[in-house]
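Across the two complexes that follow, chain A remains constant while its partner is chain B and subsequently chain C.
Right, the complex of A and B next:
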């Protein structure tokens, strides 16, 4: 991590810590903590998709595994949700390694097709899970709920417990800081990997797999590492999401959320350490802004959103971070702090500079 | 009787026709019932609760600081059509209440949030926004059932009344088991469970009035596989002994059901008196209705929900004639309900559906009257004590509206009539509906007090 990145990170964390005490309404804290959760997912997804260049769309399945692990263990084993988080993370790693193995010999769109098929298979399995579960009969003999809750979802499995500690009015602050903690860990892990030898291996396999293989970089080993590492925190994010909202349903495997997360990645800038975080932030602010302004014609909200994402993809193919990087370099050159260089600054070159 | 005509009538004309069939607004024997129905509602025809509010307001004009009221409606999700009707119902009630002086002279100001596809996240965020951004003193809406009650804690923390139509037995248990936590959360329609006993009570009334005679004591039950359907099946199961029924078939079918053939073969091998499906997916139910019609047995056929949809009747056509279904909440087609329906059409055109609009319209009146009796509303967090008074009156009052009587019972859910009370002035009627001519809307055939047509024995039945 460069000094510049470190300063930005510290400033952002300090701002995020102070945010709840700036007189912001609680609903903005809820929006912010959801943003933290999704930002954690996309920072991890970025490792697979952006840094390692594996076109996997299976991150949502891992997120869902984490959420359902917490729901099921909390509900049926009466386990405190805090204890379920590491288990959920390991469940996510298990699933992700299977996906990684299954896609080892695939490239590009075929990886996308297989991984999205896995997520959809999970969706269908949950949606059609209809047999009355005897475990639920123990909880309440008068109702019949399937093991996963089927299409209606599963609830009553506990929460972070901040309500009991901080009281109802301030419980959201506890949830907020919990999610912030997760995101900070996620960002640090992401930076560490991107700037480590493993990260260089991912990028080498992404940019020139044949050359990377000739230099002894094993695709088998590195692909499994990236799938495993990125899955742990993604699944924990799913687990946190379930604990925050105290309910989980097959909707979290839906295309709405998938497209939202992809938009965060693309708008922020694929393959860049700050990209997912910036994308998540900008999109959340945009959605909140639209929700506050638009009282009529709500059906146009998603159309506008789609249009903006399309515009970013066309006019800023390197995402917002890529554009900001260019702007930063331009300013440095104009101020005489740096020499002019090729206008096509690639992410690899920038990363190399950061590592140097 | 309603004259049968092949001429295509508008929704408004059909409503007026049914209104005429019920004696119009000229006054019938039902008026006697209605005017004595509620301890609270001193029902001006069609504007339930208005007189009560007017009396409490004592001529005050709605001036003062507005009272913010919130609604969470799924405009941009699959419930969008119902959301639009809920918006009309809540808006209409707010407008009327304000014209009667609001709540103790303070006008109500409505704020609405979109809950999209009603996920736990979307509904919780909507509730939090209404509370924090607008400081709403209550939240009233139709359903957000898929959230699995995720929003309860957020609203419970704020200590404001929350009245919804989620139709979930789970709500009753959540409130019953956590009365100190969910004292402010009400479900103003009976839970789905009561479809079960409602069906058996209806069959009993048919038998007692000699309109139908069971050929045997058997029920073939096909339950859908979601909690909604299995809970209804549980309701049938719990009450069947009381009415002398037994199962010939008791199956849970997995959704979707594309082929009802094997199930119908079993039905034909041992014909029951009643075939009941609690599987409320219209696309699946076309199969059992049309399949059964190919070789019907001497059995009644009950389907959950689908029969109320025009598109369903257009598919099953004659096969649907004689089939029946029910709803635990719907705008009645009596004097009050019909007049209400007419007002809805006049004000909002034929795009509105009075049967749905009425559900939340009554909810707003229920809350407004309770709030007026309590001396006002309380703001989130700081107004908990005042809101406790409002909820006290909500729990103890009996309100007669356009969907029948709202009286909360255990678990703070509306009492169903006849399953939980034998007094129609103390419960919300489980309305039984029958398709008699597939081109026409379904007819209310029970309870007798609210029927728009007599029960018709299905054309396929013997005798």
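Right, the complex of A and C next:
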């Protein structure tokens, strides 16, 4: 983590901590905390997709496992949601390791197709789950709710409990800081992995797989570590999401959420530490803007997002951070502060040359 | 025995529909490593074009269907020029174009949703309500139409690929792009044509699909996913393999649906495919070299 990154991070965190006291309306706090939640998922997804280069689209399945673990444990075992978070995380790790093992020998788009199919299978299984569950009969004998709640989803499993501690007015601040804490952990983990042996190992594996393997860098090991670490926080983000909204349904496996997260990921820039954060911020601001401008904008929103994702991939595949990085280096060189040695720009240029 | 017959009837129908969309996908991937996530949206678009020409423009069905296919081909050409055309020479083409087409696909589907609303339409091009009996198992004429269409189109694509000059150019490009280019094949023209052909196949499969069920803006998602499963099972880019795999998957899905329960069809084929891939990572009929860089 360079000094520049550290300074930016501290400033951002300070701003985020002060944000609820700047007299902003409450709905903005809610959008901000939803953004923190998705940004956590995207930072972890970036580790798998951008850093390790595994084209997995199964991140939402892990998110959903986390959310449903919290819902099921809170509802049927009457557990406090705070205790369910580590369990949800471990459930996510379990699923992710299974997926990781199944896709280990595959390449690129094979992984993408298989992981998207796994997420879709979960969606179908939950959606078609209609058999009345005995566990729900115990809670309320009058109703017929299936174990996963089917297409209606599950509720009644508790929440963070800030309403009791802080009172109804300030509860949203509690939720806000909880999500912020999660995001900070996610960002730190992401920076740590990118700059650690693991990040370097993946870089080596990408640049020259044979040499890296002959130097003892085990793709198997590193891939499983990244799958495990990123899955834990993704699943916890899922269960935080469930705890915040006090309900969970199969909609979280839907294509619109997938599109939203992909948009954050690619607009920010794949494989870069700041990419997911910048992407999440830009997309959230944009989303709020669209919703405010167009009253019936809900459906057009996805048309616009789809167009943005396509346009970014076609014309700016390095995303905003990549482009900004280039611009920053260009300015530094022009002003005479740096020689043309900057790692990212030359690495990308070399990469391009090698591929052409 | 009736069970068995029922599985064959519905399995072959599913297989025929999967093969139509899977062969198109496989052809596109084989030619230039483009995994077209917008294929499902084009299926839906093709089916809606029949409605547009028939209902809104007042054409007869016999005219509306060919017009819909022409429109689908144009959609394929447009898709090429808004996405692949710009990205072919850039790095990480296969992953980038996949994400780009996810975006295009969702934009197209939500656009359709906005234009036609969420409620289902009945596909006018359907013989679903007429059927005959084989051993007490009803077989609708629509199934016969689907089998015949799939058979004719598959044979047609086969002849096109193996006998015509253009088909040879497509296969040459798929085998070795640079060599084909050196032999005077205009590879970009091949790409456009392949995408147009695949879109026509997608539209046919969309029309068939909506003739068995109903027409909805988001109906393309599930068959697209199954077509993907079919082509991974076959090995990406293997067109004949995709045909066999489609029938295999259709029969398997029908068997599970009839014997175990309708909602387990998809999970069952998915688990089957994962097991096959752990055993043979390049698919049933795939070669290791298929995953080119």
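Everything below uses one rule, namely that the second predicted complex is superposed on the first by the 335 of 356 C-alpha atoms of A that agree within 3 Å, B and C clash if a C-alpha of one lies under 4 Å from a C-alpha of the other, contacts with A are read in each partner's own complex, and residues count from 1 in each chain.
By our rule, a residue touches a chain if its C-beta (ideal position, glycine included) is under 8 Å from a C-beta of that chain, and two chains touch if they have at least 3 such contacts.
Predicted, not measured: the structure shown is a model, and the values here were computed from it.
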{"item": "Joint occupancy of chain A by chain B and chain C, clash or fit", "value": "fit"}
{"item": "Superposed arrangement, angle subtended at the Cα centre of chain A by chain B and chain C, nearest 10 degrees", "value": "70"}
{"item": "Chain B versus chain C as contact partner of A:55, first or second or both or neither", "value": "second"}
{"item": "Touching partner for A:228 - first (chain B), second (chain C), both, neither", "value": "neither"}
{"item": "First (chain B), second (chain C), both or neither touched by A:209", "value": "neither"}
{"item": "First, second, both or neither for A:128, with chain B first and chain C second", "value": "both"}
{"item": "First (chain B), second (chain C), both or neither touched by A:302", "value": "both"}
{"item": "Which superposed partner A:25 touches (first chain B, second chain C, both, neither)", "value": "first"}
{"item": "Which superposed partner A:106 touches (first chain B, second chain C, both, neither)", "value": "second"}
{"item": "Partner chain in contact with A:94 - chain B first, chain C second, else both or neither", "value": "neither"}
{"item": "Shortest CA-CA distance in Å separating chain B from chain C in the superposed model", "value": "5"}
{"item": "Residues on chain A lying within both footprints (that of chain B and that of chain C)", "value": "128, 256, 299, 302"}
{"item": "Residues of chain B that touch chain A when the two form their complex", "value": "75-76, 112, 114, 117, 119-121, 124-125, 128-129, 131-133, 145-150, 153, 156-158, 169-170, 173, 193, 224-228, 230-231, 233-234, 252, 254-255, 381"}
{"item": "Residues on chain C engaged by chain A in the complex (per definition of touch)", "value": "35, 82-83, 86-87, 89-92, 94-108, 110-111, 113-114, 221-222, 225, 228-229, 232, 236, 262-263, 266-267, 270, 273-274, 277-278, 281, 291, 293"}
{"item": "Residue ranges of chain A in contact with chain C within the complex", "value": "55, 102, 105-110, 112-114, 116-118, 120-121, 124-125, 128, 255-256, 258-259, 262-263, 266, 299-300, 302-311, 313-315, 317, 351-352, 355-356"}
{"item": "Residue ranges of chain A touching chain B (in the complex, touch as defined)", "value": "25-28, 30-31, 34, 128, 130-132, 140, 142-146, 149-155, 159, 163, 168-169, 171-172, 241, 245-249, 251-252, 254, 256, 291-292, 295, 298-299, 301-302"}
